[in-house]
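What follows is a structure written as structure tokens; I'll ask about it next.
As written, the chains take the letters A, B, C and D, and residue 1 is the first residue of each chain.
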Amino acid sequence: MVGNKTLLEVKGLKTYFPLDEGLVRAVDGADFEIQQGRTLGVVGESGCGKSVTAQSILRIVPPPGDILEGELLFHRYSKEGDAFSMADVIDLAKLDPRGREIRTIRGNEIAMVFQEPMTSLSPVHTMGNQITEAILLHQETSKAEAREKALDILHRVGMPKPSQTIDSYPFELSGGMRQRGMIAMALSCHPSLLIADEPTTALDVTTEAQILDLMRQLQEDLGMAIMFITHDLGVIAEMAETAVVMYLGKVVERADVDTLYYDARHPYTQALLRSIPRITEDRRKWLEAIRGMVPDPYNLPSGCPFHPRCRSAQGECREVEPPWVEVEPDHWARCILYADSTTATAQG
Amino acid sequence: MISFIARRLVIMIPLLALLSIVSFTIIQLPPGDYLTTYIQQLEAGGQVVDEAEITRLRAQYGLDQSVYVQYLKWMGGIFRGDFGRSFHWQAPVMDVIMDRLPVTLILSFSSLVVVYVVAVPIAILSAVYQYSVFDYFATLFGFIGLAAPDFLLALVISWLFYLLTGAMVTSLFSLPFRDAPWSLAKFVDMISNVWLPIIIIGMAGTAGLMRTLRATLLDELGRAYVTTARAKGLSESRLLLKYPVRIALNPIFSTIGWLLPALINGGVLVGIVLNLQIIGPALMQATLSQDMYLAGSIILILSVLTVVGTLISDILLAWLDPRIRYGEAN
Amino acid sequence: METTETPTSGPAKPESSILTEETGEHVYTASQWQLMWWQFRKHKAAMIAVVVLGVMYFLALMAEPFAVYGPTQRFPRLESTAPTRIRFFDETGQFRGPFIYGLERSIDPETIRVTFVEDMSKIYPIRFFAEGTPYKLLGLFPMNLRLVGTDPDGPPIFLFGSDRLGRDLYSRTLYGSRISLFIGFGGVFLTFFFGITLGGIAGYLGGTVDEVIMRIIDFMVSIPQIPLWMGLAAAVPRDWPVIRTYFAITIILSIVGWGGLARAVRGKLLSLREEDYVMAARVYGARPRRLIFKYLLPNFMSYLLVSVTISIPFMILGETALSFLGLGIQPPAVSWGTLLRDAQQLTVVAQRPWQMIPGAFVVVAVLMFNFIGDGLRDAADPYARI
Amino acid sequence: MPEQKNQRLLEVNDLKKYFPIKRGLLKRTVGHVKAVDGVSLYVNEGETLGLVGESGCGKTTSGRCILRAIEPTDGEILFNDPDTGWVNLRELEQEDLIRVRQHMQIIFQDPYSSLNPRMTLLQLVGEPLVINHGIRGKALEDRVAELLKSVGLRPEYLRRYPHAFSGGQRQRIGVARALALNPRFIVCDEPVSALDVSVQAQILNLLRELQENLDLTYLFVAHDLSVVRHIADRVAVMYVGKLVEMGETDEIYPGPRHPYTEALMTAVPRPDPRASKDRIVLEGEVADPANPPSGCYFHPRCRYAEPICAAEPPVLREITEGHFVSCHRAEELSLIGVA
């Protein structure tokens, strides 16, 4: 049963990197929810903090980065007959990143698929070895059983000739096959949440289509929720039900996908949608480019970080941190334009 | 893989022939021959040298023949298992070498073990706790180990040992055993003396290995596949050993073949300082006194070991790293 | 299953980069060498090493005024003297400025060993830049000022003790640093000449030439190094003048090194050749000569600089080892290696431990070069981390 | 040269680039990677030809071979030199090549590798002028400043090194350098693929603006079909070293005639949640260019394949005016495109 049950709530997440050169606020205010069995898209340009958000959830933020503030409420359900009932809620942000508790969640309840399947897989271990590792770690099975399970999941992800590829090394496989292997590895313990960090960015468009199809299919079969991180607005439109847009560490807008693409409120989302070339569009139409460039992470603009590039910027934007406003039911934006909105709340 | 090894073996044949010529040439480089050196020594000692005697010796050793003939005769002998006679020791070359081989091997092998046992754990800890006090000291130790010539280390350590205990390590054997034939008692005596040379020879190697391994490991620790493994829920220690350490160790294990010549040749300088009865100092002495068949044979054996060692390394590397294995196999 | 936890070792902390740390026009218009210098400056050990080596090379060049005696000056009846103790207070505890006591030679009737005892009744003050034996500064200017000295009638000052012929080890160490410290440059120069030329030709031309050069290098590498060295060094006639021996040793030292460098140069060239900006230059008409000198070599220099700093200590160690074995520099010329030759036997060292002091100079010099190499390696590619 | 070519600027016939595969110690050649395997195309003056395909299909190699930035194995590269008329680049000696190539330049994908980090902007952009025209001093500075202005960079940046600039700005420097010699023809090799979404549009607009103002002709190599649709007048599609389809953009996007083009077009995820999700998902993997299948290289993945496709390699033929397809069944199939 897939219902409107919250699986993960991210509230006011802040993950900072205190580097010698200064403090990098990689994630500086992220608020969103992931529903059980649904797909949340996270979209943004490089350096916007979307990957660090994912790493924060799994508590694998590379040092010296650390979560400073915020809650990551992970809801666990137990299955009774056909219905799920809430078992407990755990705040991932409070766990010891090296402790046993987070490790029983990693790879088991929350799994992750990375962008570059070549570098993200160990070059000197076979696919089978790397897949069974997670199974053996989280489930009480024998090695033979784990291998059976790995074969089964490889079959499920459409890996050609699984009984052969299970003993192959990653470099012997094509990019698409490696990514299938990566997905098999992530799904081997039937996680309730799959975080996919740009899983198709390194792939060619026809392979990307295969992988996107596969992920949709697997979601239908296995019922896991997906947090899909990408910079490609096209992929989000296809894969996600709801989406958040990030810019310089902040979630600037959150809505269901249809609303986001047809009724975006934040000037950045609007500008982004106007600036991308579309395959269906009339040739030779001029694009509306966003002026300027993404600022240096050590030297962020004051106030709203988007203000130097924003067409609707007002004097205040330079000083005032924009509020996180619910502009419509279930449609949030972080912009001063909506500050007087009656539903405004003061978060972040 | 088999064809790869076969090809390598075929190429080794002309290479070894060339190496034998080079070995022979190296010994011929110093002007004169063993007898001229010998005569000089005698004359320096005030002795009169009989011309006829010299001519006789020259003919006896075959030194009156041309270099090419000498080389061919020597090579011919080698194919029959005869490496020639040592002038200095007045014995077949093989006997001189075999006499020293056991000690040499024990010494080299144990110091190698010391190197690995010490360097690998230190490097791992040093990389994992990068910038810690431990890392700082390990790095300093590594730098000094690299900077100090091994003979100097040998001197300083044995001097300190002397200051502390009053005992002087000047040989692998206590006096009664120096010239005695091999026996259990002699072996036991050697064991009690051999540890200091082992530590000294090992220390120089430790520093180098530690620095390389630490650098590779730091590289590997930052790789994406480590994050992947962590995201699976592996504990840090298991993750560390299964992935980065395994991969960082590959190049090190695979170069074990290169150590083959070092097993024979290791510790020349330490050997001289500590007066060890191993092959290295014998080679040095043979080169200086132009004891040509002894020196030539040792150099030739070393060359062969180098070539064979390289081959073993390549095979090991292919065996340890599937990327290379399959790259060749296709 | 649980074992003790090791700390997280995620992606290494991004190395600090001056490009992000400092901003402003001076950074934007900074050339490669400036960027390298800014980065290098942050490596404390390397900066200390620069100062230490600077002092060492200065002392080597200026050995005469800083040495107390000439390199071969002997003090008969003062053989194997321990380092002289410099005192400031006399027996009564009264401050007298730096001075030394007189030296009394006596023979132990039992062991028949010569011992030296301080003669407390005679006090000789130490004078700085006192007149000593005459010399020519830098081989040009006749002078006779020495760093320290006593009155002509006083005993000699042996800061590091004297050797078995009664020569001052401190002065000899200073003179010896000339050969030991500078031999690196000659060797490195030759190594680089062969390495860059042959590696460059192989890498730039490619094809058959490349194949042939690479095979030669492969062969060179399979010749056992130490015997090759020993054989070559033994071939150098003992009676050659110092200068000629010096160059011979230099050549021998560089014979072993060039192959590795040539390989590295070739590899680096091959990868640089693939850079898009080199292709762009060819497309807009840059001819081979310009490509090599304006595009390839400059991008190569920092890399070469690192190689130089890490090959010099190799040369220093090589000279020391060869001379130690008696195969390198021959007496009466002095180098750290020949000085250490006197300390070859443990029995000697047990009596005159101060003979190991030149070894400390070797270690320090090599250590400092390694520190600089380390710092340069970090700074060599200031563009890598942008 | 034939008259109908008078509006053409470039014509490539049967271009081939084979990379030898060497194995073993003796480096024997055991086969060839046919990166470009008989590509024929033309570019008209003032237009943009988009060259698209997936990674490894040979599009970048083709672009570089056309400039002889890498040496082609075989084929004809005819260029209409404004000074001397048609020349075959393949037959030129070095000095002639350098002269002709002043009219042909290149912009790269990687904004980092494409700029020499040891040169200031003045040197970077000025080099082509120094080499070819010997311009120096104030004249050079003025000209470089002017070029920088034309790509939207401040002329005060002359003394800066590339490390002072972001990816998008670096790409502008690359464009300024390509423009220095007033070329007629520029190979744009994935010029926006390495850039962030919000910067992509700036560079695309800049390229179009320059084309209009300076009457430039582009060969635009890219894998992003949305970008190509936006910028190209005509498109050429490559698969495993061969051209499978070429024609007007407005014709090919809505009505592809080659099954591979169809799959490629429909596979692109569209930034529109309401868009139709009709798409052809290809089975299997791209063929290995060292060991391609028989007949039509695409046939093992093609859902319209018939026995002839495995037996005989199709030839590129003109099925309607200016529309070239290399498919046995081009006329009979009705394929989906993107409208």
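Just so we're on the same page, a contact is a pair of C-beta atoms (placed from the backbone, for glycine too) under 8 Å apart; a residue touches a chain by one contact, two chains touch by 3 or more.
Because the structure is a prediction, the values reported are computed rather than measured.
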* Structure fact -> Co-neighbours of chain A and chain C resolve to B, D
* Is the C-beta contact count larger for A-B or for A-D? -> A-D
* So what's the Cα centroid distance for chain A and chain B, whole Å? -> 55
* Asked: Just curious, how far off is chain D from chain A if you go by their C-alpha centres, in Å?
  -> 34
* Structure fact -> Distance between the CA centroids of chain B and chain C (whole Å) is 26
* Structure fact -> Expected list for chain A, residues touching two or more other chains, is 60, 62, 98
* Structure fact -> chain C touches at least 2 other chains through residues 2, 5, 7-8, 10-11
* Which chain B residues reach two or more other chains? -> 227, 230, 235-236
* To do: Would you pull the chain B residues touching chain C in the complex into a rising list?
  => 15, 18-19, 22-23, 26-27, 29-31, 127-130, 143-144, 146-149, 151-152, 155-156, 158-159, 162, 168-170, 218, 221-222, 226-227, 230, 235-238, 240, 244, 261, 265, 268-269, 272-274, 280, 283-284, 287-288, 295, 298-299, 302-303, 306-307, 310
* Considering the complex alone, what residue numbers of chain A touch chain D? -> 45-46, 160, 174, 176-177, 204-210, 212-213, 231-238, 257-258, 261-262, 271-273, 275-281, 283-291, 293-294, 309
* Asked: Along chain A, where are the residues that touch chain B in the complex?
  -> 58, 60, 62, 98, 103-108, 111-112, 114, 116, 119-125, 133-134, 137-138, 169, 171-172, 182, 185
* **Partner chain B, residues of chain C touching it in the complex** => 1-12, 219, 222-224, 226-228, 230-232, 234-235, 237, 313, 317, 320-321, 324-327, 340, 343-347, 349-350, 353, 356, 359, 362-364, 366-367, 370-371
* Structure fact -> Seen from chain B, its contact residues with chain A in the complex are 223-225, 227-236, 242-243, 246-247, 250, 320-323, 326
